[in-house]
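Think of it as A, B, C and D in the order they're written, each chain with its own count starting at 1.
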Amino acid sequence: MPNATDHEGRASSASARAAASAAATRRLLLVGATAGALAPLATPALAQARPLRIGMVTSLSGPFAALGESMRAGMRLLLAQSGERFADRPVELIVEDDQARPDDGVRKARKLIGQDRVDLLCGVIHSGVALALRDVVTEAQMPTFLLGSANDLARKAVSPYILRPTKTNWMLGSTAARRSHETHPGARVVTAASDYAAGREFVGDFVQTYQEFGGRIGRQFWTPLGSADFGPLLTAIAAERPDSVYVFFAGSDAVRFLRQWKEYRLAGRIRLTGTGACFDQEDVLPAVGDAALGAVNTFHQSPTAPASAAFVEAYRTSGKGLPGEFSTTGYACGQVLRAATERTGGDPTDWARTRQALFDAPVDTAFGRMPFDPRNGQAILDIHVHEVRSAPGGVINTVVHTYPQLRDPGPNA
Amino acid sequence: MTAILELRGVGKRFGAFSALRDVAFDVGERETVGLIGPNGAGKTTLFNVITGFLRPDEGSIRLAGQSIDGMAPAQRVARGLARTFQTAMVFPGLTARENIAMAVRQHAGDGLRWFGGARAASAAAEIAVRLLGDAGLAHRAETPLRDMSHGERRIVDALMSLALSPRLLLLDEPTAGLTRAESDRLLGILRRNHADTALLLVAHDIDIVFGHCDRVVVMELGRVIGSGTPAEVREDAEVRRAYLGSTGG
Amino acid sequence: MKRNIAMVALPAAAAAAAALLADDFVLRFLAEILLFGIAVMSLDILIGFGGLMSLGHAALFGGAAYAAAIAARQWGGDVALVLGSGIATGMVLAALMGVVVLRSGHLFLLILTLLMGQMVWEVAFHWREVTGGADGLRGLPALSLGPWTLSTARALFLLAALLAAVAFVVGRSFVAAPIGRALVGTREEPIRMAALGYSLFAVRFRALVLAGALAGAAGALFPFVNLYVGPQSVHWTQSAAMVIMLVIGGIGSLWGAFIGSAVYLGIQTYLSAYTDRWQLCVGLVFVLTVLLLPNGIASGLRILRDRLRRRGA
Amino acid sequence: MPDFLGYAAIQTLNALSFSALLLLNGLGLSVVLSLMNFVNLAHGSFFLMGSYVAIFWLGTGAPWWLAFPAAFLAAGLAGALLERFPFRHFYARPHLMQVLLTYGLSLIFADLMRWGIGAQILLPELPGALQGVVFILDMPFPVFRLFLIAAGVALGLLLWLLLDRTIWGAVLRAAVTDRGIVETLGIDTRRVFTVVLVLSAGLGGLSGALGAGMLAAYPGLDEEVLLLALVTVVVGGLGSFGGTVAGALVVGFALTFSKVWFPEFANLAAFAALALLLLLRPAGLVAPPLRRL
C-alpha cells in the first residue's frame, strides 16, 4: 500500500466536499418540505427545474464497507463526469448506509422514499438487504435499480418496480462450470465456499451445470462466514487430491483463503477456479498479489475488457487503483440512470415509460452492452473468463474468453 | 435436653491443609454455646460447613434430628438455620427497612412473590420497622446502610437473621469492632429475641463468651479440644495451655 | 397522585400527537424505537437490577421474531397468535439460557450468554428451510386484529405504543414487587441472599424468563414493521447495540431504555446521511455517558428536574 | 496409512498454530485481568493497531524483524496514554462499568482506524525466510505457522519467567494483593499498574503483528479477535497464566477440529463444546483458589 496516505488525502477532501453538498441538500429540503405539499399542482416545467434526486442505499460500515465505498465512488465518478447533470437536469445523490443489515437498509430506504422524496432509488450489496427492500419498494411503487445479485431477484422475487443493471449469481456459477468442462473435460472438481446464501447459489449453479455436462463433483466443503483460519480446510482439500477446486469467498475470507492457498503450496498443484468476487480486482487482488496467479474466474466485471477501458482509465486518474466489481457496478448503474433520464427527456419518474425506454434499446455501460430482459427487468450481460496474470505493479484479471449476452433463466426457472 | 444441632465426625480439607478434623458436638434447643479458639482454629470454616456454604469431606450434620447433608444454604435456612458473617453482610444500597424486610418476606414465604406482592411487601415493611424500633433504630429506618455506622450495620445484620425466626442462629464475631455500649446493646437485642432460638457464637472477647454462654466449645487447629460449662472450660488444662494461656497471659 | 396522572397522561398525549401528526416514515421509525426500547428495558431488568451482564439478549428478541414470523406465515398474522408465539419463544429461550448460564457470574456469564446467543444465530443462519438462512424470511402477512388489518404505519405505531405501555407497567410492577427487590439483593450481596434462604438461581431465573417474555413480545412485532426478519436481529452485535442503548439511556431506570433506543437509532438514521463517522459519534456519546453520567441520560434528566424544582421552590 | 498420519499431523499443527495466536492475544488480556482485575475490551483495538503497524513497516522495506518490536512499542504507547486517562479511574469500579467504558472506547478506535487507514483489506509482505514450506509426511506445512508456534511458546515462557521468577514479578503480584504494604516499601504502585497495562497493550500489538500474516487486517478484525481472546481467557479460568495456556489450546483445537470433522456446523459444534465445558467447570479450566467467605 505505498500510496495509502496520498489516496486517503484525496478521499477525505472528496468526502468533505460531499458532506458540504449533503448539508446544502438538507437546507434545500427544509424549503422543499412546504413546496412538496404543492407538488401535485406543479406543472411539468417546474418539475424539470427541480433537481433529480437519487437515493442510494449501500454498506458504508459493517463487513461490506469497502465494497460500499467503491460503489459510491463509482457513482460519484459518473456524476462528476456528467457535470452533476443528467439530460441537463441537476442531479442530487443522497447516500445512506445500511450496515449490511436488512432492518437498517429498509429503514434507510423508507427514509429516502418518505422524507427525502427521492425520484429514483438504487444500490444494495447484501442480498438479504436486497430481498427485504424488494417488498418495500414494490409496496411504495418506488422506481428502483437494485444491485444485489441473489438469483431470486430475477426469478421468484421479480417486481415491476425493479430493474437490475447487474449480474445474477447463476450467470457466474453456470459459466464457470461451462468453462471448466470446455477446457478440462472429465476433471474431478471439489468445491469450497462460505456457507451462506450467495455461496450456496454460486456452488449450487456450478455443480448443477457441471453435472449436466457430465462432470464429476467430489466433496463439497462449506466454511462459516468469517473464518479466521483456512489451514484445516486447505489440508482437507490437499488430502482429497482433486484436479480442480471451485471456490466462492468474499472480502477478508477471500484474502485469507488465497494467501493460505499459496502458503500450503496448493498453487500450481491443484487448478483454482472461482467466482470473480473471490478475485476482485479492487477488494482482493491488491492484498493477495501473486498468491492468486494462474487462477481462473468468471465475472461480469473486468478491468481488461474493451467496454470498460474508458471507465478504468477515468477511475485510475481519479486516484484509485484498478476498479473492481462494485465501483464498476456503481458507475454502470449511474450510466443506466443517465440513459433512463435522457431517454425520457429529463423526467424518469413516469416509471412505465422509463422501463419501456430501457427495454427498447440496450445501454452502453462499463459492463458492456446492456439490454434488459422485459420478463424480469434483469440485465443481459457479457460474462468474461479471467485468468489472473502478473502485470506491472501487481496482478490483473485478464480476459481469456467471453460468453456474450448471457440471460438469466428468469421467472420460469 | 434435645439437640437442635448434632455434628458427627465433620472433616474438611483444603488441599493438604486439614481445616477441620473429626469435629463433633451438639447444641441443645434454646441453648447458647460459645465457640472459641485461636485464629486458624477452623471456627469460620465450621460455620460455612454447617450453613452449607462449604461441602464437608466427611461426617454428618443433623438439624432438629434430621440430616441436612447435601442441602443448599437456602434449604437449611428454610429449616430454621440462620447465620451472620464475620463482617456485617448487608445490602449497602438499600435502606435499613428494606434490608430487614428482605428477610421478613423470605421468612413469610413471599420472597419471590410478584402478583399480590404489594400487600406482602407492606406487611413485611411493618414488621421490619417494628424490629428496628425494638432495637432503638426507628429513626434510621429510611437510611441506606452505606450511610450507617459500623455498629448500626452490625445490628441490622443481626436483625435480618432474627427476622428469620431461626431455631438456631450462628453468630460469627457479632461484637467485633463494636464499642462496649454497642456490644451490650446488640447482645441485649439477641437475648430479648432468642427465647426460642439456640445460639452458636464465635467471639474473641472471652468475657462475652463466658458471661453469656451456657456451654463453651474450644477448637484448635481444626479439632475440638475441650467443651463444657464456662467454669469447666476455665479449669481445663489443655484449654488453658492452647488458648487462655496464650491470650490471657 | 398528581405525578401518577402526569406519568400516564404525558406519554399518552405524546403518542396521540405523534399518531396524528407524524408521517409514515416517522411513525414506523417510532414503532421501531418503541420495540427496541421494550427489549432494552427487559435487558435493564437483568443488568440494572440483577447485575447480570448479558451479551445474548438479541437471541431472545430475534428468536421470538423468527417464531412470530414463522407462525404468521403458517397461520396468518393474528396479533394474539403473533404475540403469543413470540412471548412463548422468548420465555423458552430465556429458560434454556438460564439453565446453562445462571450458575456462573461476571465475565463467565458474559461469555456464556454470548456463546448461547451465537448458537441461536448459527441455527437461524443455517436452517435455511425454516428461517431462510442468510436472506431471512420475507412475504409475511400483515398483522390483523379480528376483522381489522394493522398494516399501516399508524396502526403499527399505536400497537407498539400500547405494547410499550403494557411492558413498562409489567416491568415496573416486577421490580417493585418482592421478587424485584430480591433481584436487587442478589446483585448487591448474593451471599447474604443465600444466607437469608433465597435461592439465587430461582430469583435470577425468574428475572431472565420475564426479560425473555418482554423481549419476546417486542421481537414478535418487530418483523411486521418491515415485513422481514433476518439473522442480523439475532446476532451478538445486536445484543451489543442493545447494551449501548441501555447505557446511553440509563441503567436501572427502565424508562431510560426508550430514551437510549431513540438516541441510538436517531444517530444511526439521521446522522449517517451527513457523515460516514456516525459510529465515532455513537462511540463518543457512549463513552461520555459512561464517564460523565454513569446512570445515563435518565439520571441526567432526573438531576436536571430536581435542580429546576429546587429553583422553583 | 501414512496419508492419514500426515493428515492428522498437519491438522494438529494447524490447531497448534492457531492456539499460539490465541495464546499471544489472550495473554495480553489476561495479564491485566489477573493482575489488576481490570477488564479491557479495547484489547482488540491494540491487536488491529499492531497489525497495521507491522503491515506498513514491512511495506517500507526496513529490516523485517523490527516490525514486531515496532508494533509492541506503538500499542504499548497507546496503552500508556489510555492508562493515564481514563483507565486509571476505573480500576476500583465494578466490572460492568469497566466493560462498558472499554467497549465504548473500542468503538471509537475502530472508527478512527477506519478513518485513517480505510476499509480495504491489507496483508503484510512477509520476508522470504517466512514464506517457505516444510513437508511433513508428504504434506505441506507453511514455515510461517511454525514461526507462529515458536513465537507463542517463546513469548509465553518469557512472560512466565518475568512474572513468576523475577523480583519485578513478585513486586507486581504483591502490589495487586496489598497495595498499602507495597507502597510502604517505597514502590509507586501507580507506576506498576502503568507498566502492566503497557505490557498488556504491547502484547496485543505484538500478537496483531504476528497474526496479520494469517488473518490479514481490516475494520472489524478488532472485534473478531477480541471475542476469541475473551473466550480463551474465560474458558481457561480468569486470571491465571496456566489457565490462559490451557484455554488457548482448548479453543484452538475445538475451532480447528470442528472444522475438520463437521465443516458445515463448525461454529455451532465449537460453541456448544465450549459452552458445555463452562457448564461443567463454571470457573474455567484452571479455577483460581477458593475465596473465603
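Basically, contacts are C-beta pairs under 8 Å (C-beta built on N, C-alpha and C of every residue); 3 or more make two chains touch, one makes a residue touch a chain.
Here the structure is a predicted model, which means the values were calculated and not measured.
Student: Steps needed, at minimum, to get from chain A to chain C via touching chains?
Tutor: 1
Student: Using CA atoms only, can you tell me which chain is the most central one in this structure?
Tutor: Located nearest the centre of all protein C-alpha atoms is chain C.
Student: Where the CA atoms of chain A average out and where those of chain D average out, how many Å apart are those spots?
Tutor: 37
Student: Please report how many Å separate the Cα centroid of chain B from that of chain D, as a whole number.
Tutor: Chain B and chain D have C-alpha centres separated by 46 Å.
Student: Just how far, in Å, is the C-alpha centre of chain C from the one of chain B?
Tutor: Roughly 43 Å separates the two chain centres.
Student: Distance-wise, how many Å sit between the C-alpha centres of chain C and chain D, to the nearest whole number?
Tutor: It comes to 33 Å between the two C-alpha centres.
Student: Please output the residue numbers of chain D that touch at least 2 other chains, ranges allowed.
Tutor: Only 264, 267, 293 qualify.
Student: On chain C, where are the residues touching two or more other chains?
Tutor: 126, 191, 276, 279
Student: List, in ascending order, every residue of chain A touching at least 2 other chains.
Tutor: In chain A, the residues touching two or more other chains are 195.
Student: In the complex, go through chain D and note every residue touching chain C.
Tutor: Against chain C, chain D makes touches at 33, 39, 86, 95-97, 99-101, 103-105, 107-108, 110-112, 115, 223, 227, 230-231, 234-235, 238, 264-265, 267-268, 271-272, 274-275, 278-279, 282-284, 293.
Student: Which of the residues in chain C come into contact with chain A in the complex?
Tutor: Spelled out, the residues of chain C in touch with chain A are 23-26, 28-29, 32, 125-126, 128, 133-136, 138-139, 226-228, 230-233, 268-269, 272-276, 278-279.
Student: Which bits of chain C are touching chain D when the two form their complex?
Tutor: Where chain C meets chain D, its residues are 47, 51, 53, 100, 103-104, 106-108, 110-112, 114-116, 118-119, 122-123, 126, 191, 236-237, 240, 243-244, 247, 276-277, 279-280, 282-284, 286-287, 290-291, 294.
Student: So in the complex, which bits of chain C are touching chain B?
Tutor: 173-174, 176-182, 184-185, 188-189, 191-199, 202-203, 206
Student: For the complex, give me every residue of chain A touching chain D.
Tutor: Within the complex, chain A contacts chain D at residues 1-2, 4, 7-8, 11, 62-63, 65-66, 69, 195, 221-224, 226-229, 231-233, 235-236, 238-239, 251-252, 255-256, 259-260, 263-266, 283-284, 286-289.
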